[in-house]
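Next come two complexes, and both contain chain A; in the first it sits with chain B, in the second with chain C.
After this line comes the complex of A and B, so read on.
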């Protein structure tokens, strides 16, 4: 069984830094908004490292904690060898678990942190997630200045770093349970339609989560998927009802919720930061939902395998949150 | 649901590309560049007294220079996003692809960065050009001696 129940794991706080596009979007209460993709560094990669460092240091400073008070950092990003996270944690002097599951990084970090917090000697954990539009573009697609034409189904990688502080102290949001998903490949090869690649993985994880915990989908006030985008979101709902007979009443997709229509991002936003950005800086601020199931969806695409014409696998992890 | 059924579902729910609109737009932009090129050639012939062959060489230099400058200033990608193949297919696109790849890797050194990556996109065009030139010249020698 890949679902875990947590009895005392809470998200105490979060800290957000975003790029220029996200600052103009529908988000509120962002801690720092950047108006430059370079963030005063020489390269975009170094900018992403600095964003992560700042996210970690700022959440420590806000709670007057030092690195000795934190037992573990769990996090990842989109770069090869999760370079941003590795370099950002170079000087933190805190034990570090680096994870990669593309855009499903955030829920995966919550599940790993939750499992560690079950131990008596672990008390505080920081989860860190980041992505940078231009480093991702450079690595996965075309050169940045090339401006390659995009398709209607393509999504825009967000630029942000988000840190969360998890502990056993009952405050703000309870991490109630989590499900680690399976890798699913439905034969889609189109890198411009990530939503279609990831939707079956999200549906599979939702199904496993509900059957493992013996719940009905109506148990949740909201199903928030990570970055399927507006197109993938529709495919997800259709696939759920056709394959698993799950009729989702209240579903939102973080990718579809992130940007404004006028920002010309076609099917919406994506990236590991997309889900926590929309969750913390939009959905939770509305105070409308009590029980939220977040499903982070990651397209595990490697440019090498794509060039070898092999279809793209995807993974999804789900975490059930309760707003206190 | 099997893979074929899923592919059908994805096709059904994914929005269609406005291909005809894109094609017309690219045709007009590409044609406009050709028109500007012809104007420049005529100016070079009339005002600078160049031969037609030489003025075409100068035209290529001018167009490549302008597109490289616009790429470096960060403007060209916005035009490409809008005009699509209208700007990628002419020489402007070739210069732009080399320039944008070089800009991406400029911090990674002259040899391992710019040198190794400048022709990331344009390399296949050059290889295709060399190979086709090789076979065509053989054909020419065989037919005409």
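After this line comes the complex of A and C, so read on.
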């Protein structure tokens, strides 16, 4: 039994800072929009660290909270050693739980936070994640300055840091249940086709979530996958139908919902920020959906293993949200 | 309030595989000892993956458990993208929670597992961690083949994978409480002096643990730090005394307890496996201590940030264990 129910876990607020591409995207409401990738720092990594720091400090400031009011921060990012999170959380004076599941980080952080909130003495947790196009591309593929051609299946790692404030206070969004996924590997080695790598993991987690909780997919008003992109999103729906006989009526993929067509990002957006970015700054603003299942999808891509010609495993974690 | 109490969490068993150096060390009981670093694989990374896989499968086999009997695996390692854990957990058919806190991974996994076990439908969790001298040195410093000189403050990343079986069944070792640490950075940039980087984090976590739970340090029969090494261990005790006025009577550091003097490892052993390796395969076999506080110490060392001349932050997580 992999799924957990939460009775008393709420996302009270979120705070977002984005890079230049996301500032011009389909998103509607962003707290701070950057117009360059450096954020007045000397390197892209230091820019990403500063973005995370600002996301943590700003959500604290908006709620007039100090570090003493927060029991834990749970978070991660795409950098080796989750460096953006570790350096951003340096000297916050708040206990930090570092996690890694690539672009499935956001729902993993919600599930871990939800479990911690079952303790009587834990009341407020901040969830944090970030990604930066130029730190991620350099690390996982090529520095963007090389001008390597991209394929039509490739997605664009978004640039953003997002914090959420979780507590037991019934406000805004209820975290109703969550499913931790299993790692699967379909034998794909193409680092420019993350959608195909992750789609079966997303389908498997959806299947397990529905089975565990004895629900039909129509229970949800929307299935929102994280960053399969427009190509992977189609594979996901077909895979759900053919392998698990799950016919999804209302599905959106955050990667496919992020950028404008004119932004030329091929298969869409990606990165651990992509899902919360689209969820909070687009989907929830529409006030159309009450029950949303978010499925964060992580390609567990390691350049070292890819260079050793090993295929890329993937994971997906799902969280059921109810808009209050 | 950072510390959590657990009423119903036990380490029922552990299973260990070690590399050549650890096989000849001060350790007493090891399930499988390797005499080379390749473990019949083509690369060191694939050897580390195979070691983790074996640690998971062997603890399952010893207890006649199948993947269906295990609710979760919680784990991580030192490789970028925690690749050893992600690849080892591929196709286990068990939900996987990936974490990263460098060499503080083992206590972080116990605290997260303990929180998950508060759910009625979660009964058995496997904690897993590994490290491999030759994958870690290559990634964090230099490939060992370069023959770079090492300093007297440097530690030797151990080679081992260790799994633990956690459940609500009262057997062997009780996980009594845990404290998630805060990240601190004392401005040190020397990647060959991890002990000094981590010692203040260990002291801070010890202080918070004792304050939160209103305990004197003498409550514990032993304070066992993870991999400060022989140099960092001394700094830790001095820092505890001078900064927090905590006078520790019984302290051992797993890094300092792992290797023989003749093995010439300078300041001792390190890596996320170091703490559980010494705990299970040496300290607990002596049957000398009943209440043990383990403090896993993580240098949140990122080569990218070190190359940008940024100092190295550290974290420490503590878990109180009671031998039944």
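What we mean here is this: the second predicted complex is superposed on the first by the 324 of 324 C-alpha atoms of A that agree within 3 Å, B and C clash if a C-alpha of one lies under 4 Å from a C-alpha of the other, contacts with A are read in each partner's own complex, and residues count from 1 in each chain.
Heads up, the rule we're going with is that a contact is a pair of C-beta atoms (placed from the backbone, for glycine too) under 8 Å apart; a residue touches a chain by one contact, two chains touch by 3 or more.
From a predicted model like this one, the values you see are computed outputs, not experimental measurements.
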Mind working out whether A:151 is in touch with chain B, chain C, both or neither, as first, second, both or neither? first
Using the touch definition from the top, say if A:239 reaches chain B (first), chain C (second), both or neither. first
If touched residues of chain A are counted for chain B and for chain C, the larger one: C
Touched partner set for A:304, first chain B, second chain C, both or neither: second
Examine A:200 and indicate which partner it touches, taking first as chain B and second as chain C; both and neither are also allowed. first
Looking at the overlay, what does A:187 touch: chain B (first), chain C (second), both, or neither? first
In the superposed arrangement, which partner chain does A:43 touch: chain B (first), chain C (second), both, or neither? both
Could you tell me which stretches of chain A are touched by chain B in one complex and by chain C in the other? 42-43
Of chain C, residues touching chain A in the complex: 1-4, 42-43, 45-46, 71-72, 76, 79-83, 86-87, 89-102, 108, 112, 115-116, 118-119, 121-122, 139, 179-185, 300-305, 308, 310, 313, 315
Residues of chain B defined as touching chain A within the complex: 1, 3, 6-7, 9-10, 13-17, 22, 71, 74, 76-81, 84-85, 96-97, 99-101, 103-104, 107, 120-121
Quick one: in the complex, what on chain A touches chain B? 42-43, 138, 142-153, 186-188, 193, 196, 200, 231, 234-235, 238-239, 242-243
